[in-house]
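Scrolling down, you'll hit the structures one after another.
Here come two complexes built around subunit A, the first alongside subunit B, the second alongside subunit C.
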Partner chain A sequence: MHNKDCTCWNCPAIDLVGKVDFRACGQSVEDFRKRMGLEEDSFQLIAECKRRRELGLFDPMSVTFKECPEWEKTQYGYLLKDMRVMILGIDGYLGWALALWLGSQGCQVSGVDNYSRRDWVKERGAHTVIPISRMSERLHTAKEVLNIDINYREIDILNERDRLKEFIDEVKPEVIVHYGECPSAPYSMIDADHAIFVQKNNVLGTLGVLFSMKELVPETSLIKLGTMGEYGTPLTGRPLFEGMFPADAVLQWDNREWSLGGELTPRDPVSFYHASKVQDTINIYEACKYWWLRSYDVMQGVIYGVHTEQVSADPRLRTRLDIDEWFGTVINRFVAQAIIGIPLTLHGSGEQIRGLIALEDAMQCMTRLIASPPEPGQYAVVNQMSGYYSLRELAKTVAKIGKEEFNLPVKIQRVENPRVESERHPFEPIYENLTKKFGFKPSVTLEEEIYRMFKLFIQPDIKSRIEEKKHHIIPKTWWSGEKRKVETIEILK
Partner chain B sequence: MYEKKLNREKRTVIIGLDGVPFRLIDKFTKNNIMPETKKLIEKGTFKQMESTIPEISSVAWSSIITGKNPGEHGIFGYTDIPIGTYRLSFPNFNNLKAPPFWQKDSMGRSIIINVPSTFPVKPLNGVHISGFVSLDLKRSVYPDSLIQKLTDIGYQIDVDSSKAHKSIDLFLEDLDRTLKSRISAYKYLWEKEKWQTFMLVFTGTDRLSHFLWDAYENENHKYHSAFTKHFCQIDEVIGEIVNNLYEDDLLILLSDHGFELLEKEVNINYLLKKNGFLKLKPESRRSFADMETGTKAFALEPARIYINLKDKYPRGSVKKDEYRGIIKDLTSIFEDLELKGRKIIKKTYRKEEIYKGPYMNQAPDLVLVPNKGFNLKASVKADQLFEKSIFAGKHTQHDAFLLINNLAEKNILPDEITVSDVCHLIETLQTENMNLRRKIDA
Partner chain C sequence: MRLTDDNFEKEVIKSPIPVFIDFWASWCLPSQMMMPVIEKLHKEYDGKVKIGKLNVDQNPRTREKFGIKGCPTFILFEDGKELVRKVGAHSEIQLRRIIDTIL
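Our next item is the complex of A and B:
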């Protein structure tokens, strides 16, 4: 078990109640969450367990998860019994799938949403090609089919902070998973209103969450969705480390050398949406430093796929799936294009390389992160991806499966690139933390998940929903501000 | 001021001065820094008193208030590792296995202020404000209704000792603020509450001595006058209390242990590691949870040695028939320990020599008492045997004090008095008084 040696120091069920220097028979009334200086190394932090009050006061580092009966062995490591997990953005593609996944692991799931994803997609004239029902019906079905109770509250986390605080205070979540942001680069590039909205919604919404956590649940871990797009694709070819430089990284300049170990790596976002994620990174990093909050910032690769055991259990439990130019991700869009006979669209050269992860594997990663909370004050980053491919390779894979398994005549086309990005670039992502520290092993191959997607999309009701909105697949949003459909450069053989 | 009444109970007042040695009181009364205390000594009984082993406030005050030795009251130090775990726990009032004297009917209504290791408070006939370690005011005060008043007067449970790491001046300011808030609280309760027993402990004396014992010993030290000023202030309070007593009230002044100059800190767990008795995981976070199988012994603060017995601890590896041999080996290592020709350990006690009672199983197997100037520590983080820290003073075992007024029968005190005798003394005197009262009433 990868987290067997984690201790109560990591556990959100712990109240840190005091700071004592037994050598001087002294205690301190100073806020013990302030980072301790070297001179205070002798202070002993004292904890109380919220779940096992009978333990009295103790050193939080002296009890391991393995020894604590509140932490139970699961296939994802030791997991806190009945762990209270709050998902912000529970109605979304990832949020809903995670809610069902964690519910089936025995977590007590609560969630918040204001249906803005539904509204944004509707505003653009698109829709989810996998139909989803109203939240009340989703909750009812989760109970009926999977026996999962979800404590849901409709809240706008940006504009209804008091209500969010009230809900947090009521639930006292031990983990908050933050999916509650606008996840679209093209949406943020439509015009000034959209750019301002995305940055305000994402950055200020998250800032409010940080303040609420500080006030109400400082021991709770925050697992926040970032994106590999925060790093961009630097032409220097330097590795894309997991958020921070490793201990042995060195900067050389002017015949001098500096260690870079532990510093945030440079970010090179590729849209105003990605820039909002970078600002989130900085704000979370600071909150962990100032207030001893704890967080994993999840730099997720491009997500794709439709399957988890829970969402596949009943058509009414399916999670949404978008294929439009604003909210559709690359593989999801390719499979939809293949189904209705539109050539798969590569932007520019199609040589851009992206890290990817399937929905099911993303859920596994999140569960493993939830099971191993960070230490107080710890800000850590994981690059959440299971492999990386050029867009051209991905298109070929989709075309091959479509052709061989479903007898579809799939073509690939190169179109003008509406984005400002490197079309040919080095790419060396480092994605070791999840496998080495959290025991992640991908459970599904690219081909397997693409096959599952074809199987689902080929169903008449879904195919007709794709047909209905096919005019929204080809991009019209240019980073330059132009509003025109991209032209086809070439149909590939 | 109180008027004398004929039909009243004789009252008991106990003033504790944490960590104040007999010889400091002797010196400060002779040189008139504590003139009020001097008057008490002239009329009363003033004796040197042995502390507990180890000479730790939590252990000593637990013995003072219960009259029991650690084997009976279950408190062996600030830290403990419960049997069957390696959880480093911090015993508190909930873990005290013997009742404090104020829970006895004969003591009447009691006001108890700032007795160390009495957090969290429990209901009693009277008022209780707990002392170090008290983590929040809510669980430190009985009854709850008093919390607002204490908040209004800015009551501080203890001086913030982290300030001393930043600036001695800041620490002294906070020490003064804490003392003044304690004085305000005692005055309020003395006047507003009805009581038969009043116990007030000053703990700033101990904190001051930890950081500035060198200033006490050296009259030219920058902070010498700050040190003496603190004792002057306490002496004034003592005078004030004496003036408010009836002639036949019982007044006891006492400390829990003494103090002396700290020359070197000695890391006992480092010694155990070096000699192969303590084994931690190679990449240890330096916590007791990282103890590996193969560990034969470990130490808890200040120098309580526990044998890692099989069937007693999760990764215990010492069989019962190996116990004596290991005790012997350890004793020999400790007794041979020297620094520049000076023996560090004065005496190594086996638990049977110093403890008795139902909680012997939780007692350390060995307890070390150091020679003058050496402060024993049990941090698992230490990576050297000897250290010099910012602390100037350290506790001593033999040099606490006891001062009693109105002790008609001096033979009630044993020749060699220890802190465990105090409770019995209080109860005896109080019972005598009750019997006398009954006779008068009859």
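Our next item is the complex of A and C:
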């Protein structure tokens, strides 16, 4: 078990009681001492368990998760019994899947949403090709089919901060998973209004969450979704480290050298949306530094797929899936195109390389991160992906499965690239933390998940929903500001 | 090896061999990134120099005693006395140079 040696030091159910000056290396030690009237000897760590007050005060490093009866062994590591997890953005593609996944692991799930993803997609004239139920029916079905209770509240985290605080105070979550942002690069590039909206919604919404956590639940871990797109694809070819440089990355200049260890790596976002994620990264990093919040910032690769055991348990439990130019991601879009006979679209050369992860594997990663909370003040980054491929390779894989397994005559086309990005670039992502520190093992191959997607999309109701909105698949949003459909460059043989 | 307020006297001050300590904190990114290097050095210098790490939040008495003001701080001890102190991130090569001064 990857987290068996973690102690109460990591546990969100622990109050580190008084006499603790975390700012050990700060300038305030003397002030703190004077203010608290403390003698030198009174600088000792004492913890109190919020779940078992009867234990009294004890040394937080003296009990490991393995030894603590509140932490139970699961296939994803020791997990805090009835752990209270709050999901921001619970109605979305990932939020809903994670709610059911964690509920089935025994977590007490609460969640917040304001249905903005539904609204954004509707605003563009598109729809989720997998029909999804209203929230009231989702909650009812989760109870009926999976016996999962979800404590849900409709809240806009940016504009209703008081209501969010009220809910956090009521639930006292031990983990907050933050999916509550607008996740689209093209949406942020439509025009000034959309760019401003996305940055405001994401950056300021998250900043408010950080302040609320500081005030109400500073010991709770924040698991925040970032994106591999924050790094961009640097043409120097240097590895995309997990958020920060390792100790042995050395800067040489003027015949001198420095270790860059622990410095945040440069970011090179590829849209105003990605830029909002970079600003989030900085804000979370600062909040951990100033206030001793604890956070895992998850740089997620492009996500794809439709399956988890829970969302597949009943059609009413399915999570949404978008294929339009704004919210559709690459494999999801390819499979939809293959189903209705549109040649799969590669933007530009199609040689762009992206890290990817299947829905089911992303859920596993999140569970492992939840099970192993960061230490007080710790800001850490994981690159969440299970492999990387060029878009051309992905299109070929989808085409092959479509042809061989479903007898579909799939073609691939190259179209103009509406984005400003490198179309041929080195790419060396480092993605070791999740496997080495958190025990992540991918459970599904690219081919298996694509096969599952074909199986689902080929059903008449879903196929007709794809057909209905096919005019929204080919991009019309140019990074230049131009508004016109991209032209086909060639149909590949 | 993990050093604490409780074992510091025995493992460092009374150690028969030199001790090289990484004073670190979980909130300090350079500290986090030093860990794999410290573990590697721990194995390599086994028997010659004791390589340890001490969490400054969890062990406030030692932190105060040595006036640690920044992370990571590296201190090389010999016969219980401080010989060299360096603050900030260091590469593996730079750390080796510090440790090797005593061998």
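Assume the second predicted complex is superposed on the first by the 469 of 493 C-alpha atoms of A that agree within 3 Å, B and C clash if a C-alpha of one lies under 4 Å from a C-alpha of the other, contacts with A are read in each partner's own complex, and residues count from 1 in each chain.
In this section, a contact is a pair of C-beta atoms (placed from the backbone, for glycine too) under 8 Å apart; a residue touches a chain by one contact, two chains touch by 3 or more.
Every value quoted in this text rests on a predicted model; they were computed, and no experiment measured them.
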item	value
Partner chain(s) touched by A:Phe211 [first = subunit B, second = subunit C, both, neither]	neither
Partner touching more residues of subunit A, whether subunit B or subunit C	C
Subunit B versus subunit C as contact partner of A:Met61, first or second or both or neither	both
Which of subunit B and subunit C A:Ala380 touches, first, second, both or neither	second
Contacts of A:Ile46 with subunit B and subunit C, given as first, second, both or neither	first
Partner chain(s) touched by A:Trp292 [first = subunit B, second = subunit C, both, neither]	second
Those residues of subunit A which subunit B touches in one complex and subunit C touches in the other	20-22, 24-25, 27, 29, 40-41, 43, 61
Interface residues, subunit A side, partner subunit B - complex	7, 17-30, 37, 39-43, 46, 55-59, 61-64, 67
Subunit C - residues contacting subunit A, complex	5, 25-34, 36-37, 56-58, 60-61, 63-64, 68-71, 88-94
Subunit A residues within the subunit C interface of the complex	9, 20-22, 24-25, 27, 29, 40-41, 43-45, 60-61, 244-250, 257-264, 288-289, 292, 374-380
Of all residues in subunit B, those that touch subunit A in their complex	18-19, 57, 78-79, 85-92, 94-95, 116, 132-136, 156-162, 164-166, 203, 206-207, 210-211, 285, 287-289, 301, 314, 377, 379, 381, 389-391
